[in-house]
Structure formats: structure tokens, C-alpha cells
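Okay, got some structures for you below.
Two complexes, one shared chain (chain A), two partners (chain B, chain C).
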Partner chain A sequence: MEIAPALQIVLFAVFAAISVLGALGMATTMSMFRSGVFLMASFFGVAALFLLLLADLLSLLQVMMYLGGMLVMILFMVLFSSDPGGSMMAGMMTMTRVEKAFSRGLSRPSPMATPHGAGGGMDMAAGHDMSMTTPARKWARHFGWAVAVVLSGALVLRPVARATERALPDPRSPERIGDLLMGKYMIAFEGAGLLILLGIFGAVLLARPSERPDPEDRGHLRAAVDAPPPPPEEG
Partner chain B sequence: MGVAPALAWTIALSGGGAALAHAVERGLRRTMPDVDPGPAAPVQIGVERAPAQTDPWFYSAAPAIALFGVALALVVIPFGGQLVGADLEVGAFYYLVVLDFVSLAIALGGWGANTPDAVEACYRAVAQLVAYVVPLGLAVIGPLMMARTLSTVAIVEAQHRAGLWYVVAQPVGFALYIATGAMQGYRAPFTEPFASQIHGGVLAAYGGAQALVWRVALSALLFTIAAMGAVLFLGGYAGPIGGPIGMGLKTLGVLVLIVLAGRFFRARSTAETLALSWKVLVPVGLLNVGLVGSLILLGVGQSAFR
Partner chain C sequence: MSAVPLSAYLVVGALLFAIGLYAIVAQRTAVMVLMGIEVVLNAVGLNMVAFWRFLRPDDYSAQIFVIAIVTIGAIEMAVGLALMMLIYRSQRTVKVDDFEELRG
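Up next, the complex of A and B:
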């Protein structure tokens, strides 16, 4: 489908903004869950850019991979973090303006948090050090700017030839990608398949109940796991 | 179709499909009072709900994202040779991808509402996504292989040309589609993310207009799954009763089949759903792909002009 050049530029700006703001939100929000969803949004912005380049299959693959993958990743991340919703951090940290913008609506008064600075240079909440400032932060900021300048410079000056302009959109791209995967790149494709299969074997092996008896000091943990769940509350 | 008519058609189809699915499902549920209605349970449209500690962005965006995903999927479902929002080259694959936005919406809504039941629903919905996505793909691959295309209109045309509904050639694939369709639509026996034990999960946290949007999205979801089943396995809009009416009747048939099948199985927990998916449905799906490949080599479902 032909899109008018002006509309193309507008759409590019919108999708590029989604990808960049998503990445920025991922790095600055206080909520782990939001962080993962922002990363997903950033990848969806890139998928929309693929669509603008008429690479529809690639765009759909990108959405498919990152929608399910990110959701599962977020859930595991939530399982292992003490403040996944970010309410504690947002409620007590001194945040920069960007961090505040991407953490809006998270903050709520927490009885466990101490005011900022009361912990003697550390931000303490429920006995955890929640400080976000590390010694590396100062030069990391400069390093980040330097990378951004180099990448933008490379994009503007374009030392490589613009090969994409000559390539025409291919209506039979699924077929061609399939041929390439099963022909030219078969070894790599099957190799990746084997690797994933071995990963599944490993996961099954880890999930099997152990044949060795639990150590003495883990008995109470095992009892807690095996105990029947409490009856659901009525009402 | 142009952009504006396609947009109008998709909106009309979402609303009409949701109304039809809701009415049919409600009628059928009367006959099966013991089965957990899951997402078909009544929502609280008359009550305003405001959970105390929401993540406001996700909480307010979730129902819209669910409806958005279903409407996107309805774009590629043909109700006539010309009566389709957009006949994409990669239509069937696109359908599989965009319908996952409903799972994303339930996860966002559950986490955003931040009540114990809703967060539980968030976890269950993501686990169910993992359970259904692979066997559903394997069930859909069968018709794609036989029709040698990803376009939904071309799949219908291929069945018409070959004079064969793919349900005849691939009964196993059709059964697999019904089972994974029930998982994808959260219908019995896979109602766990909306189970009555957690008071309807995400639905309990919403009221007013947002609850209405959830109602439309979840009913339209069932309609979409049934319509895609009709396209892939029952010859779509081509057939003895052609056009939109025939397609509507076939969709209704698949819809009734999915809902009624739920009464013959006890409700499955999320863990049981995952176990069923990986231990039974995925192997059956792989066998089905092999079977369909052999049938294609024997010339089944292939028209003479290929």
C-alpha cells in the first residue's frame, strides 16, 4: 500500500518516539513491571518501523517474540524483586525529572519507608538499602552521551551506501524467508533448534523432583511447600 | 476496501460479533449451570469501581488494549470475497500475533488493578498464553500447509477450488483448534484466569464503562476465534450457503461447539492446562503436521491447477 511521503515522515516520527521513549522509560521508571512493559513498547515501536519499511513478516515476528517473551520475563522478574510495583522506591527516593515523569502514579505513602537522607546517606526501606546512586553513575552518564553522539553521527553522515533504496518490497517474503531458512541457512537454523531442544531437556531435568533426600535444615521449607493451601475466603 | 470502509466494517463486526457471541453464550450457559462461566460472567456495568492502589496507566489502558487486539484480528477475517477488512499476505500469522494482545491486556489490567484476585489473574493469564500459543500455532499450520498460503482469503479459495473443507482432511487439527481456541478464549474448561474462586479476576476490579469494554472485548474474542475456525477448517464464506450468511452460520456452529464442549470436562487449573498443553497437545500437533504433510504428498486437498 502506498503511503504519502508526508504521512510517512509523521508515522516515522511517532514510531521512533515510541521506541526511544520506551527505552528511556525502561531505564528510569521505579516499577519493575512498568520497566518490562516499556521495553516491550520500545520493541513494538521498532516493529512498526519495520512495517513502514514494508517488512510485514519481520514486524509480526518482532511483536510475537517480544509480547509473550517479555510477559514471561516480567513475571519472573516480579517473583525475585522486593518492590516490583515501585511504590516504595517512588514514595521515598529523590528522583530526577525524567524518573518522576515515568514513575507518575506509583508513589503512595509507605509506613515502612524512612524519609530520604534519614538513613545516614543511604535510602532505607524495610531494612533494604534502596539507593540508586552509585559511584559509576557520573561517568556512565558521559559515556552514554558519547555513544549517542557517535551513533547519531553515523546515522547522519551515513558512511555506508544506502542499499535499501534499491530493494523493492517483496510480496512473497514469507516464502523466500522459508526457502532461505531451509536452504542456505539450514545449518544455523537446525543448530538453533538443537540448542533450544537441549535447553528444554535441561529445564525438564531441573524441574524433576530430586531423588536425594532433603538436608535436615530444609525440612520445614519442604513442609511449607507441601502443606495444603488455606481455604479460600468467603465473600 | 478502502481505509474508511474497512475501519467501519471492523468496528461494526466487533460490536455485532460481540453481541451475537454474548447472546448465544448466555443462552447456552442457562443449560449448564454447573460450569464456571469464566469471562462470560456478568460484569458490573452499573457500579463504579476504583481499586485503592492501582498503577493508573495500566489499569485504564488494559480494556482498550484488549478490544484493540480483537478488532485488529477481525480485520483479516473474510465474510465474503470482497467483504474483508484487509486481505494481508501474512493474514493467518497476523491473526495469531495480534490476538495475543488480549493476554497482554489481562496481564496489564490484573497488575494495574493491584487487588489480590486481579494480580492472581495476571499470573494465570500469562501462564495460559504460554500453554496455548504453541499448540494453536501447530493447529493453524495444517490448513496453511494445505492451502500453500498465509492469506485468509486464499485459504478459503483453496478449499473451494479443491472441493474439500479442511475439517474433513484434518479432523485432528480441527479438534486441536477447538481445544486451544477454548484456552485462547478462556472458556470452560480453561476458565482459570477468570475463575469464580478469584471472583472473576480482572473483571471484579472494573466497573462502569470499562467493564463494558471488557465485556465487548471478551465476547468478541470468542466470536473471532470461532470465525477463524470457520475460515481455516469449514471453508469460510464459500460453500453451499455462500457469502456472509453462510460464514455467519459456520461461525455460530464453531462458537456453540467451543462453549458446549466445556460442559463435558471438569475445570482445569493453570498447572493442569500447562501440563495438558506440553504433554498432549504439542505432541498431537506435531503428529498432525506430519500427517497433513503426508496427505499433501498424496495430493489430498490440492487442486489440479497447482
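Up next, the complex of A and C:
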């Protein structure tokens, strides 16, 4: 199936914008939950770009593994953190323009929240150090810009030599990938399986209930779990 | 023929890489740092698939490499989150600034 060139350019522009803006939203918004959702959008954009590049198995794997697996893990961890919605954070920090754009609708104006100066992103509110970013944010922004400009400039000014262009959409590409995995790259395949096994062992071992007590704020949850069930009602 | 040149895909990869790098350096909680790492891995995968498509579309080894990258990224995120939970239990904080001591 051959797509018209104009449509190719339009689709590329749309999905590239989704990828980049999703990643930007992930990096700058004040709400951790929104970060997860922006990351989801970025993954979708990259999966669509994979489709445009005729790597169909990879795009589906991207959706399944990143979105179906890792993003769920990320959202679980976000929900276990403090202030996942970001309204407390957004109410307290002074944000740059980009951050404000991605954090719209988060903060509710309250008489308590007085905006503190954003000296390098450190905020002290009632002795609590609340901030989304480390003190390194100031030069990290410049560093990120520098990397983006240098790489993009190098690519635009010294374009990659005219590459050969003979790919047609190959409907049997998953078969070929499977052949390679089972044949030439069997060791890598088995090695990845071993690595996953070790990762599972490691993660379960590290996160098992240890001799260290649970934090105090989880004490009531532990008590609720350990308490004997209420006696059944009579009648 | 692809109407979109190779450089365009590489520029998108470069932008994603830079944004992921900013997230890794500037975010304060370990979960956000791991999200930044995922964005960087995405950018690398995009570069690989773009080069595969334009230079060696007959050899599918590049796609297998991307599968390996995604797999290893998933594993390191799982282990990283487990580590973060363990550190939270002993230090009561998730801010990476406070992970300063190499103490048991």
C-alpha cells in the first residue's frame, strides 16, 4: 500500500508533533499523573512513526510493551507517591511559560498558597521542601536546548547522504523477524529471557516485606489488614 | 519512495533525546527520572528504525535490536522502581537529591 507523498508528510508532521509535545509535557508539567499520560501520548506518536517507517511489528510491540506494561507500572508508582495530581505543587511553584501551559487547570487558588520565589526550583513551604525539579534545573534547561540545537543543526546542515530507497511494505516481516530471533539471534533471545528472570527475582527480592517497619502513615493500613474481621451480624 | 527524508526522522529522535535528557537531569523523583529514561530509549529506537528503513531494509536485525532495547528498558525500570521502594522504606524520601549515602 503506497501512501501519497503529501499525506505522508502530513502524517509525519502530526505524529512527530505528538511525540515531541508529549515528551515535553512529560518533562515540564507539575502533575505526575499528567506526566504519565503525556508519556502515553508520546509512545503512541512514536508507534505511529514506526508504522510510517514500515516497521509494523515494532509499532505494535511498542504499544503493547510500553503502553500495556511499563506505563501501567509507572502509573501505579505515581499513584503511590505524594501529590500525584499536582494541585499542591502547581499552587506553590512559580512556573515557566512552558510549564504553565502544560499545568493548566491544576491549581486551585487558596488563601494558603503564597507563591515562593523559584530560586533554582527550590521551594520551602512550612519547612517542607516541595518542588518538582532539582536545583540543577537552571542549567539542565540550557543543556537540553544545547543538545537539541546541536543535534538538529548537525542533521539539517549536514544531511545524511542520500540513502538507498528500495523498501516496499513487506507483509511477511514478522515472519522474518521470528526467523532471525530463532536462528541467528537465539543467544540474544535466550539471554533476554534470562535477564528478565533475573530482573523478576531482583525486583521481588528487593521489594519484599523486610525487617524495616512500614512508614508511619501506612500504619493504619497495616492495622486494617491485620485486624480481625468484624463478627457477622445476627438475624 | 518515502516523501519524508531520513533527516526528518533523525531530528525527531534528537529532539526526543534532548527532552528525555532534560527530564533525567531536572526531575526530582525517581519515577520521573525513569520516565525520562524511557523517552531516551524511545528516541534511540526511532533512530534505529529510521536507519533500518532507509539503509538496510532487507536485514531485520535492527528491529531485533530495538526489541532488545525495549525489553532491557522494561527490566531496568522494574528493578529501579523496586530499588526506589526500598530506599523509601529506609530513608522516607523519594527525592533523588537525598539519595546521597551509600549506606545499607
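To be clear about the criterion, the second predicted complex is superposed on the first by the 165 of 235 C-alpha atoms of A that agree within 3 Å, B and C clash if a C-alpha of one lies under 4 Å from a C-alpha of the other, contacts with A are read in each partner's own complex, and residues count from 1 in each chain.
In this section, a contact is a pair of C-beta atoms (placed from the backbone, for glycine too) under 8 Å apart; a residue touches a chain by one contact, two chains touch by 3 or more.
Predicted model, so just to flag it, every value in this text is computed and none were measured.
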item	value
Contacts of A:57 with chain B and chain C, given as first, second, both or neither	both
Touching partner for A:85 - first (chain B), second (chain C), both, neither	first
Chain B versus chain C as contact partner of A:186, first or second or both or neither	neither
Contacts of A:67 with chain B and chain C, given as first, second, both or neither	first
If touched residues of chain A are counted for chain B and for chain C, the larger one	C
Which superposed partner A:171 touches (first chain B, second chain C, both, neither)	first
Which superposed partner A:37 touches (first chain B, second chain C, both, neither)	first
Contacts of A:14 with chain B and chain C, given as first, second, both or neither	neither
Chain B and chain C contact sites that coincide on chain A, given as residue numbers	57, 74, 173
Contacting residues of chain C [partner chain A, same complex]	1-12, 14-23, 25-29, 31-32, 34-36, 38-39, 42, 45-46, 49-50, 52-55, 57, 60-61, 63-64, 66-68, 70-79, 81-86, 88-90, 92, 94-97
Touching residues on chain B, where the partner in the complex is chain A	53-58, 88-90, 93-94, 96-98, 100-101, 103-104, 107-108, 111, 114, 123, 126, 129-130, 133, 150, 197
Chain A to chain B touching residues, read off their complex	31, 33-34, 37, 40, 56-57, 60, 63-64, 67-68, 71-72, 74-75, 85, 87, 104-106, 108, 171-174, 232
For the chain A and chain C complex, residues of the former touching the latter	5-6, 8-9, 12, 16, 19-20, 23-24, 26-27, 32, 35-36, 39, 42-43, 46, 49-50, 52-55, 57-58, 61-62, 65-66, 69-70, 73-74, 77-78, 81, 121, 129, 131-137, 140-141, 143-145, 147-148, 151-152, 155-156, 159-160, 163-167, 173, 176-177, 180-181, 184-185, 188, 192, 195-196, 199-200, 202-204, 206-207, 210, 212, 214-215
